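For reference, the structures are reproduced in the following blocks.
Two complexes are shown next, each including subunit A; its partner changes from subunit B in the first to subunit C in the second.
So, the complex of A and B:
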């Protein structure tokens, strides 16, 4: 799902994008609409890895949405968007689209891929978190891989319920409340055969809870996959200084201003996209100093190595950082 | 699971967590089938500890990986010394040898004289052996 708000000035990443036409709009529920984009000339679109997302540009910025197809030989890219009143405007813009409208979209980006060595895929989704997981379910059905799904949704508000039932049959467990989900989750986490990988998408607190319980029951990190909805709310942070070794420039990063913004204001062009520590686009090489890593992109090991940092959200533990820029 | 010496894992502490010990003299097809079926009966959350001569440990680790286990689920405790398995790149037969890295060994399958470096495959649990005199033949 990855409904991450992006700002208008992040256009560089949308260079080399696809211009597509809205080919279908259909209401899934009162608040969730599915939208399909196709090539205006009817050509096949680039295929994608299950669990990938698409960045869609709109008048006030760009947002990332999970693709719901299997990704093989797609004639269209489909997303399902939950309308969020008072959000950053992306969902309202998506809901305003009509068949025939032209949109600028990125190539699909993979950040939640199925593990090739898995013997079974245990999929877990809450609410609109169904979108990337549906992509996995379709892929599994298409390639004959073993998959099961726990889908938590409130009665009448679940998107893609009929498709999930058709794809997974007895492999689908629907939970309509928190209590029954907890019971199912504990049972599933303790009865999976070796070789099972777990994939979870939903609100941050939901994912954290699932991952923590799996960890407590002995699931190693290598078996756990999650797709972040959005970055956590971060504080303004302490001010610090950056030395740009190659340009010989020193910049100060004040409280409440990101390193990325500081670099941009100094005239540097840093590739970036989500500006929330999720996409990994704005990685900058660190030569000296200890970054305060606040992103969701780098692995724990990479964070310890301190060789790179995501300049959109990460700051500094030391008064000064030296970057290879 | 231990090979060669039955008590290799006797001192291995599992902090009160239930354990299931398998002891074999070497990684024979029978021993590996036993491991495969033990893994088939197990559930996510278990850890596998393999101890013994490197060739046997690596053969067992290869079976575990084939069953979908990731590195974090396996602990390999190899003896310091022991024979190596040389996997023939020409006929895919494995030959066990005590020769050190950089030397030659004759393949048990096709008879080719193989040389091997430290190019190790975790999937086949052996070192890649390739024709030692390929260039000279021409």
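So, the complex of A and C:
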């Protein structure tokens, strides 16, 4: 799908990054370019779940792009990027890449996975939204799963059209205008066999419209999937300040850096284990202020009490928190 | 110049491997359930040695335990379950765990992959096989049974759907009083329903939330424990008549210190990188009380934990009839 602008801060979005080399650049259409990244030594890259995205760093920040392969034993990670003039700069930076350039990328992250139990996968894409569903289509073909695709694109501007045709054959319905798409969509939504899962990717208004129609026609929520990068991980959060009452120290917690990391950087030793808000080890006592609780450890009641917070994932609703440290 | 010889150090030097690498689970005199998860592959030092530096661990019981698994599966094929939609997850586990084992034991096993064709060599089993990812017929015994014949861990596969985890495949021959044949198809929360306290304390739902948030490639672990009479790995519900009776007689058996074992499970939780399924691995270690007692801190910790453990927890673990006898022996020595 199109790029989602992320924080310019490298950490922690790009924690545990891979240093890869651009191995191929090829124009899909006038405005869409496919770029492949490989290991400089030619090693296999980590597998990924179909529908995953990759965070790619560039001079002015980092953007997330869907991977277009199936994710099985990849020698390359491939993305397709629509050039957006006047965007955050990510797409222009991607389009400026040349074979041999080195880039920092995240490990692939999964937030739009196929349902293993689906009897049929109904894929719906508009424009550059083809990228994650192409990944799904490849996976379905590799495992012999049943899949079909409705692909909306303007004549001559569709990326990966030839691959979609080869992968899906008669299972591909191409729509070149809004009217024909609506007709096809209504028919498909009302004729699927039981156990079909729907996956949609495209502009937000397009996705909302498809999901709303499916919902109105009685599709259960659990069968509907849409690409949403923000669902994969907690966001970087707003910056805030902590006063450590006992040590008389004030620390700034910048966006993208956890309170735990901030405390550790200041030389404090905070017991911790999972660093994901589950184990409860890194609980710190709160004396004043309202924490933004993002952990799974504290009960709802404890979260209301605001007497403790899990400093690995939780942040602050107020500009300032006072901790008993 | 004189050399001070520390008794503890000298004793640890002569302890056998089974004690040195044993994952002793108690850090104090009290045990309660908790979601005690931590990143995997971090070595944990103990009073006797260390454990946990690897995801997969080959020890001196490797061949014997795999032979036992094979015999259990021959006798009772229901210990292996794969719902049809879990086939990709099983192949994903093969392509994840065999390379991991090869990386950790490069002198013993090797894994190579060209496209979908893989070659696996295991010098401990004089094995050299080729198979094709996704082609079940390329591994005559079946992909999951094959994987279970290469590593000592029991394997449980969880599918993530409808905001829940579902136990949809597994090969479990060394269960501590549960049954994969009974649990297959259940939700994670349903599987854990019988465990006392954890519902009230929301431990299981927190654990499920944690597992559902794991990203592909992430690996975590926790430990769990119980007591087992004799070095018996197969204490599945299916074989209950074979082992349950011992629990009523062991307390008065003079051979208790040699027959009664602390059973510790190292449970790894990983998100498989390609299928996205959650793989739950259970590796069981058994050590008799006689060996526990060779490490003074362990003897004391375990003796006190058993004495203090609340009745409902002791009942669920099936140790209520003999935990006092075990505790008394440990604390008396």
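Basically, the second predicted complex is superposed on the first by the 225 of 325 C-alpha atoms of A that agree within 3 Å, B and C clash if a C-alpha of one lies under 4 Å from a C-alpha of the other, contacts with A are read in each partner's own complex, and residues count from 1 in each chain.
Keep this in mind: contacts are C-beta pairs under 8 Å (C-beta built on N, C-alpha and C of every residue); 3 or more make two chains touch, one makes a residue touch a chain.
All figures in this text were calculated on a predicted structure; none of them were measured in a lab.
Asker: Touch test for A:72: subunit B only (first), subunit C only (second), both, or neither?
Answerer: Once the two structures are laid over each other on A, A:72 reaches subunit C alone.
Asker: Looking at A:190, would you say it contacts subunit B, subunit C, both, or neither? Reply first, second, both or neither.
Answerer: Touch status of A:190: first partner only.
Asker: Quick one: classify A:117 as touching subunit B (first), subunit C (second), both or neither.
Answerer: both
Asker: Quick check on the superposed pair: does A:222 touch subunit B, subunit C, both, or neither? Answer first, second, both or neither.
Answerer: A:222: touches subunit B and subunit C.
Asker: Could you say whether A:288 touches subunit B, subunit C, both of them, or neither, answering first, second, both or neither?
Answerer: neither
Asker: Examine A:166 and indicate which partner it touches, taking first as subunit B and second as subunit C; both and neither are also allowed.
Answerer: So A:166 meets neither subunit B nor subunit C here.
Asker: Who does A:96 touch here: subunit B (first), subunit C (second), both, or neither?
Answerer: Touch partners of A:96: none, neither subunit B nor subunit C.
Asker: Of subunit B and subunit C, which one contacts the greater number of residues in subunit A?
Answerer: C
Asker: Hey, what residues of subunit A end up touching subunit B and subunit C alike?
Answerer: Touching subunit B and subunit C on subunit A: residues 117, 222.
Asker: For subunit B, which residues count as touching subunit A in their complex?
Answerer: Within the complex, subunit B touches subunit A at residues 39-40, 42-47, 65, 67-73.
Asker: Note which residues of subunit A are touching subunit C in the complex, please.
Answerer: Its residues touching subunit C are 44, 46-49, 52, 71-73, 107-110, 113, 115-117, 142-143, 222, 232-233, 273-274, 276, 278-280, 296-297, 299.
Asker: Report the residues of subunit A in contact with subunit B in the complex, numbered from low to high.
Answerer: Against subunit B, the touching part of subunit A is residues 117-119, 189-196, 217-223.
Asker: Going by the contact rule set out above, which residues of subunit C touch subunit A in the complex?
Answerer: Touching subunit A: residues 34-39, 85-89, 92, 95, 113, 115-116, 133-134, 159-163, 168, 202, 206-207, 209-210, 213, 215-217, 220, 273-277 of subunit C.
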